[in-house]
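By letter and in written order, the chains are A, B, C, D, E and F; residue numbering begins at 1 in each of them.
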């Protein structure tokens, strides 16, 4: 029995519900999905400022809910707070876009990335570059959709399909859609796209299951070792508890 | 029920046996491992010339044995023949080093790579670069081991552990060992290494299971679409059968 | 009369005091320094987790105190929250390490970077890479210092000087020290180093003055345009006020 | 008297004939061209799968025919089997695209590459990247031509010229055509192109002559030293003979 | 009191006058601008050949006029002779494009570059790459203008504005115009552009003031240390005087 | 009959003599070597300042002496003035280091570079990067030699051999020595080095012969087309003559 913690750094419960449903559809038998939603902060992270605010939400949710889980997934397309959460927890952590990018690398040479929201194009490009995978990107496209598309994505199917066709024509072997709200879109489009559309949540579920099964443990040295003792000022006790107690300092 | 085809491009049955045993240890319940061994060619691929010869073996094994399988793993550390096999088959295909590299990217910032055999160092560097992941490599080390270590790897544990310690000191968050013969070494070293050692075969099994479950299908355009009709001269019929029949050309 | 907002994302007032004093020493006549300190969060940001927590502090301080200022400086060596703060404010924003890196590029070919704290080495490397300047780095070195060195840096002079000598021998034309606590160290070492040591705070003050004088204004398109209207849940009103009122949406 | 071995990894004799004729046209007085054709495998290498199969053909031809030659040229536009053949032989070996790329670097800043066959675009991009020269590529274009164009290239002149004009407009200083079948096309187009079109076979002949004249010999260490003794299973004796006899192992 | 030496490597006095006027407009109170013009060589540097010839002019002007100055600016958009002049002088030296590029990095993610003169596009690309900043370039565009536009730039305003709009649409956060003759154009376009247009001369003045205030001094080792004693044949005595007297060799 | 113009941008005739002798040793029968020496400027280019001054010498020599030649070689290890001379002349032009780097790429994976003179290390790194070949460099080493070694290189044989051994141990497949004064050293070391040492002058002679034989002609567009008409102030008439007469402007 594996339990995956799915962290929605947005405060929109509808996105959590959609993500959780899609995650359950991809999960192996015996995998439980525990999905949590940010209590404060942005409704839909789409700017750098919201991404920063969402980072604190992601880490706080991780701190409060990771107990008993085997791996965690950050269900925000900008992989909000990924490296800090990976450092802070003892279980494996992945981001939905990270997982999709790594999966795409195993299915073809160059992936195509579709950013929903032109404003966030630069943020997505930075996320892809931060994973060291910019050279594997064959095509990038950003489109704007009306706000309601984020709550009822089915209406977005046609413009998304058209954009994926463009990515394919530009040489992409697979397509990744940036946006947690669009979980499940790949399946919804069925076989209509000329190249496989990867469901980022699906990729993350499978990757998290794999990492949980491997249980690699924490490194004992370097930037991902257990957090050292720290005395933080006035933060959520769950966050403070991520750091090793000072009494263990000499160990 | 998922069946993974594990292709050993070397002609050494002992390596196949070891790889298959390790693969079964990592496989999820319900996953069957079908391991096959090259009938001709190099015993242990360790030079570019052997890597080229092994490529034909890998593709031939893939062509003969993929029927009924859900995904394939190339169990040679230089990912011999990977892109051609990916193009030729309709099921997902991954390489053991590819899988380890992608997994390492999800566990830390920079991986360390340990090449067994200094002669092959350049080939491994080329493999890593061909995956576009050279920038994620924090440290690289090549060591020589006596030939018998490839058949009885337990004697190699101490020099490998020492090398992994060096990789960690150079900033690596995880370690990958190049060499199919060393499948299982990560487990054998237990918790003695300061950073997680990824078992490349284990990574490949988990990735192949994930890809099989996603069943992304073939792209209809680009370099990984189904092979077009071709008339090859005097090749193994299984290889010819990888190409679409000429009668389907007009479709 | 120019006013620079200097934001210490750490909760340690002593660091703010030191940074402010150094900033005043570098400032042109007619430049006022307004230094603020985080009220909650880490005392000294040195891990990715603290860096994430500090991001919210930086943005909150920026939101509360930017009124009446002409430019802002983030006085944390990991440039915590830089891009989000740049997006959110209408005045120019720079980070102390960003400013030092850009200045170093105008003084030689390759800079050397000295990370104080080996644990944070990966975070610093990521910061440098995120500025697209990894190729300009001639040498990188991380050293550990006792915790008291962060509060009384003079004792750190000798190990820092020794490390700078190593950076110079490795080909660096200039040296940058990672750590707000070490503001002023360049001057303290006087002419003893073989290559110029850039004071990151000094670089940031001069760059911020320049940007304030240029007053480039906000772009009207792209990822650094004024933030769109957003309805955030339960956040500091100063943060909400960074977003354009919904009533302006149609404008 | 210099003899160059020209290896056609395709089984199409007409391509060998064309390549040999063009090679003779470029060769210095006193250079003999010995052109050989694959006996098995693909007729025209245009996919990754055919490229893999062609690799074995190239190496086998090299092994059988290199005696008495001073340098070898691989006359396949994807430089099929280049690194392995370079490792295996004691004479210099170059590929036709490699030679054209290196020559282009000495004639301008950025080259343009014209791939004949859109399916193979990714393979050509990989070849260029594997030579570390992607940053020197100013423009890349892939066009489809009818199959008969590969046997009677003169009909392809106009579409090729049009594509070269596009490469020039995109900033290319020179143009390279991917496809052994198009040897001689540069001359056929005469002075009609706005930028020099490099004949890849011509470049390879001149480079091979130069390398033969330099006679650099084999390195005694590293990945291109003489192949060590190996016991291969059931391979062409010419291939086995590429490896040092086991009796020389202790030397 | 700070004095900046502004070096026009072109022989066109009108460009010097324009550049000096713009420089004075950007300079802080108390900064004097000393502008000098090449006596020989190209009128407007626009080809690589002119750029080479202009290099000698720049260095000669620097050698003759640097005494009493606190920093120097090379007022040629290809940063002609920058590294040599930096090496040769004891005061800081920057180039107008270098300064604009570094400033752009502090104002957004990706800059746009507008080359005036399509012939020089390759030279500008090389300049940007030589600063290691190609990865920060979001968009590049080259346009031709009639020769008279270089002497009376106001007529160039509309085509330049149109090109900047294209750069913004391609994702640039800021725009840089290549061409000393276009100093002041940013201000002339007022707020009409969708993204800030950086005045390269303005950026260089502010950067030079900052570097002058920091007075980092010469490194004592490496490629930017004081020039060693040298005996040059028949060069301008001012150039010879850049080298340390032989009598100081043993020091 | 092919004539190669060998341009020594230094004013040291002894270097010209040595280079010419080595060039003649590598030249094909029927190739004449016309070697010319700078009349003014640095004796041995070893700093960026000398490199700039040498650029004018190289271009002037090229302008005066190219008539009747079929290709030109710049015999300065920093490829002084290469791109401008390539643009200015109608015959092919290569640099000695450029030629060695391109040749090395055809002989192995990674080359090693030995800089004679630690001061010039940065300049050599920039030259290699400007050719886009930094990623092909396996190892770089800079050593100092006494000044007399530049005039009587035989005494430098042992330290150079020791450095080449280090390059080989670091993974280089070939070695390149930076310094025109060391032409012929490769042959002088005979078979003592573990990897081939490329003679840069020899590589340049062979490459220049090849380019001369190909006679690619000038591009009609772009940055290497014939220089446009220009009115230069007070320059050597040979330099002015490099530009198309104004009367041809309308053609």
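The working rule: a residue touches a chain if its C-beta (ideal position, glycine included) is under 8 Å from a C-beta of that chain, and two chains touch if they have at least 3 such contacts.
It should be emphasised that the depicted structure is a prediction, and the values quoted were computed from it without experimental measurement.
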Q) Out of E-F, D-E or C-E, which pair touches the same way A-C does, with over half the contact pairs the same? A) E-F
**Q.** Centroid distance [mean C-alpha coordinates] between chain F and chain D, Å
**A.** 27
**Q.** Separation of chain B from chain C, taking each centre as the mean of its C-alpha atoms, in whole Å
**A.** 44
Q.
Going by the contact rule already set, what residues in chain C reach two or more other chains?
A. 83, 86, 109, 121-122, 126, 171, 173, 222-223
Q | Listing of all chain pairs that touch each other, if any do | A | A-B, A-C, A-D, A-E, B-C, B-D, B-F, C-E, C-F, D-E, D-F, E-F
(Q) With touch defined as at the start, can you tell me which chain A residues reach chain C in the complex? (A) 11, 38-43, 47-53, 55-56, 59, 81, 83-84, 86-88, 119-123, 126, 129-130, 222-223, 225, 227-228, 230-235, 239, 242-243
Q: Flag every residue of chain F that touches chain D in the complex, lowest number first.
A: 26, 28, 83, 86, 92, 94, 98-99, 102-103, 105-109, 131-133, 135-136, 168-169, 171-174, 191, 194-196, 198-199, 202-203, 206-207, 209-211, 213-214, 216-217, 219-224
Q | chain F partner contacts - residues on chain B that touch it in the complex | A | 121-122, 125-126
Q) Which part of chain B faces chain C closely enough to touch in the complex? A) 109-110, 171, 173
